[in-house]
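By letter and in written order, the chains are A, B, C, D and E; residue numbering begins at 1 in each of them.
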């Protein structure tokens, strides 16, 4: 449950703009990679001190600085100082419980959103906060830990395929966001498969833990929607052209991402509807089974209880019980009993219980 | 479940504008038919290489190029090159998991939406993606496979009935979209019949698989709404006059299609409401049956268990049991038993269990 | 269910503007009545051929042409030709599956909506499509069959009471629409009474078919809302002054109708809420009854099963069973049994089952 | 149920503006009180004929004419004639089934809304329609019957406390509306107490009629919301400054009323949510009890049925049954039986049924 | 339930602007602390009579007057007189049942909202009303009782850290509001932990009171949302720049608070969804258990009832029962019985009841 509220007590009450890392520390070592590129060349390097990347501020080439690990508040403060980033933004970068949003300032736009991945071991969706600071010629990207979701973009820059080297940093921001959204589809597929598995189990042989699985799946979808809904708003604002740093030519690409976001949300809603339907199906299956169990009991009891009563009657020890002395009494009783059985079965047949 | 998310893993991470066919390959052979027409003449031909259709670009007649099969990315690329279509649009054409939408460019408008048909064998709704590229004097239509839904339009062009030969390509686009929407009504009718069938079965003799059928029907409606809801938005944008290539005179026809779309959505919502009601009905029927079963059991058990007890008592072998030696003991017991039976029945009658 | 989708297969695929009567043919004979009136005079006549009404086009008096029966497409076509009505409108008039809407053209406004009436025999709401074509000095009204809902308006014209003879055709259109909305209230009253009846039955003696009645009532309300919701939109557009042919002085009357429409919708929603509550009430009543049934069974079984066991024990034929030979054995046993009964009853009392 | 639709059949079909009293006649005698006041003086009088109040039209003082009883259509017509009130407004005044609304005319604004009070005897909310006609120097208020809700306002005028004598008639209208809204809070408190009572009963000892009480409470809330929701809209329009006769200085007071209205609606919604939760709680309590009942039955039956069987076996009369002749047979059997009992109890213990 | 409607009967009917303390009196002694500060100095003092703080009106420094306790209406009236506060605002300050809102006047803005805290003893959320009156150089804050939530702000003023001493009173208002919102997160965390606890109990061993806990938790969330939803609106209005007294530089901080508010609401909604899911889980668990109980009963009864019947038959005392005299009769019967047992078990196995 706690993943729904990441902001923790240690943060409450501090002055706004105070840099305190909030969230789980997901990596020990901070990795900084600087990719400096324009249409003709690419230089990639791994650096240790973030200051090394600041000289790129003067060059006319585009620079992408990717930082894995957000717990080093000193480093963040240095970047903030160098690029005159608003203290509240710096605070947001190091606090991993942000709601996805975009905020524009004079010289940069800040984007924060969630990378989602499916943790197979825990069987749940986990999120990693990604912050982007988009300037005219630079783009900072902050991840909570080293991941491979941006590798496809890095590869495209290296190979110079498509428009990525030609276009500006806004296009690079788009490419990174697009990679994240593409990843959402992978999660949806994973969830879709799981839902299908649960559904098959449900139709085949519903077990008590099926409901629990449905419940957990619903919770994962609630969580996912909670992350993606504001993200959609953010992309919508971009594609409506609210931010000057995003060029017109890039807008159509953000529109494309926006369509994908809507598709993700549509699918989440459809999944939730389907899961609700499955719960109804489960409950009615349980009711049906109960009905079946009860019918068996009722049929058996209703047939044999009267017969046992008859047997009991002729097991009594009254001195004067004329039937006991009839020659065919025993056989007449059996005949009567069979008559009762047949009458009962006919009755149940007519009630459609058999 | 997987039909809710068609975008597949092989697509994630590629550069935007990369042409990769996504989706099931529904036809082997690509069919291209070119219909060149104006108010006075019609020429229809089947061609093999898409280049043959490009000369129509120069003529002043209207040209409809219909392509069945979207997996030949080379062909799509050639068309894109010839008519300067944006790469993202080409990507959308070959990726069958698009959300319905319209996008306008300088010289053309792109529409993508879903043709739905009901697969009797699998008992489910299937979708086929249809893309239209509407230019001033040409219209490309892309289908995933050869279908007959556009035949009525083709026939009307041949016969020159109505305004189709007089009006521009925007009217042709309207005619194709209208044919698709008309098809939605056929599906609604089919679903309506099935729902009615389920409802009759429900009132007549509810069986466990009735709920399953309701569940499947609901899922089909969720799927259908997911496809048609954005389609409605698309038509709405057209009829509000957002696209210059759609002439004012054609707008009223799109308004008509829009009304039909709303009607389809209204009906889907009504069906969903009705199905929810049917589920309630089913559950309460099950409860009622259980009640009835339990009543039978309770009546039988409540009558005979005390009687059996009495019979048991007089089957005991105590040496000193005075009743056993009374002359009329046996008959007095029977009278007592009948008294108990009558008392019980009266009680049940008063409780309205009988 | 099929009343939710009236558009039928025979219509799909024809060219737009093709006149094909869709829907049940509700009357054999077409009745045309022409009412020509102004402030000073009224002339009413029944005519056979619609052409006879066309000369009124030249007069300066207001003319109301009411046509009962919409299956004669030739007649509709003639009217369309004479008054230059758009083919799509003509198509809508003869197709009884329209969604309520208004559409404005240069010289007329088209309104289509549903008259609802309650079919006592079938116990369901039925609808009849009403189309109005409002011109400056004429008003066409098309009904599917001869009805009496417009009689009150006709009578007011005859008697010249109120403003109806003074005001223009827009006021006449208002009067007809108002008559239809007034009729909705009659249906609501009817449904309200039925809901009250179901509720009383529910509290008094819930029977399995009570749920079915609730279900049917809900479906009728879904159907009714589906018809009235778009009708409300239509009236709203009128009262906001979107149509030039409706004069300012008439607007306040449409505002009044609009208020009534909202009231109808409010009441439908309230009814639906109340019905949902009744379903909950029913289900909990069923559960309660089941509980009661089970309690009776449990009490009887729990008391007598141990007693029967005891009786069984002393009915055994072991050679050496000392109790059997005790003088007071039999009476001690009875005392024990009564003790058990009293203990059990006390237990049930404490559990509040008795 | 019928209180949801007050418009009755006798009204349908009459011409608009026809004055027909609709609704229950709640008072026999019509009371008219005229309060003529300005900052310096107050004159209160009870009059019989409404004409006596018309001379106040000429004076420069503010006049409040309060009329208890709306069934005297002649009187209403006279007022309408004297103050040139639109016939539709007069019709609304005498028809007690209005939806709350405000309507502005050149020389007056018409407000209609509902006074709600809780009928302890019938245990339900009842409504009384209140109409206000606000002119520059006069205010008509129409109530269905004599009530005391306006007494506090009358007293404030008499005492000249606060701004009521200084401010115009719009402030008087505010004061009356405020008195009505204050009354809503009293009803909410009453309902809140009842809900709390039901909840306590629910947790303490749920009885079948608890659900019925929840159901009735829900229906009252549906009814209350239906009355207050449009009222809120009306107040909102006032506080947004849509009506010229309401002065700017009075607007902040209407804003205050508006806030109270929102609070009333918020509380209604919260109550409904709480009641829904209570229903869930009830149903699960019933299920739990059923479970408990079934467990008792199952435990008793499962223990004694096998024992009875054993006793039955040794009650058989076969000639050759060796156990019967064993010396310790009887005691061995008892030991076996105790063994079975202990085994069963252990099993139930492990299943956590005990 | 009564905490949902705090306005009480004693208030209804008084003139607007009448100062009557409404709500529980939460503190006996009123504490007033005055903090006078600018960038260079801070003076904090505790005063007894509110008049002592009025001289600060003349100084150019910023003054924060914090008042704990709102029941001294005389004091409030004095402040109102000195700072020309509108009587309705004074009324709102002393009435603790306000809906959160902001209201702007010429020389000040009034904010009212709720501080929430979790009462561990009663296990419920309680609220305290906080009013702020923001002027150009002064800020009044009214709390219902002495609390520690503002201490962090006071400390920051003392230490002069961050921008608080530099910025104006609007920033101080922000800092107080931010402290309150930070506190909301603490409550969410607390609730999150409790929900997690309930969920674990649910999966481990569902008990009847689990549902009651879910119900209570839901009610707390309804209450919390009711308080925070209008608060969000209030903050939204501030961050959109509706109030002149809030400077542009402070706006971004309010935007930050607004984001947090949205996050709180998102989390509340997610919690509610999760709790609904838990209720479903609980109900299905109960159904499952019932099923299991019934199966045990049915299996035992179905096996032993026929066997008992057989035993009963051979316990009968008919003179002529040939089986009784067979030598192996007894053993044949046992064999038959074991056959029946095995057949039954096989049947249950096949039914998957075992």
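Just so it is clear, contacts are C-beta pairs under 8 Å (C-beta built on N, C-alpha and C of every residue); 3 or more make two chains touch, one makes a residue touch a chain.
The structure displayed is predicted, hence computed values, not measured ones.
If you average the CA atoms of chain A and of chain B, the two centres end up 26 Å from each other. Chain B and chain D have Cα centroids separated by 42 Å.
Looking at chain B, residues 283, 287, 290, 294, 297, 301, 305, 308, 312, 315-317, 321 sit in touch with two or more other chains.
If the chains shown are joined wherever they touch, the resulting network closes on itself as one ring, and no chain has more or fewer than two partners. Taken in ring order from chain D, whose neighbour in the chosen direction is chain E, the chains follow as D, E, A, B, C. The touching residues of chain E, when paired with chain A in their complex, are 152, 156, 161-164, 175, 178-179, 182-183, 185-186, 188-189, 192-193, 195-196, 199, 203, 252-253, 255-256, 259-260, 262-263, 266-267, 270-271, 273-274, 277-278, 280-281, 283-285, 287-288, 290-291, 294-295, 297-298, 301-302, 305-306, 308-309, 312-313, 315-321, 352-353. Note for the complex: chain B touches chain A at residues 1-2, 4-5, 7-9, 11-18, 86, 88, 97-99, 101, 103, 205, 208, 211-212, 215, 218-219, 222-223, 226, 230, 279, 282-283, 286-287, 289-290, 293-294, 296-297, 300-301, 304-305, 307-308, 311-312, 314-317, 321, 323-325, 327-330, 333.
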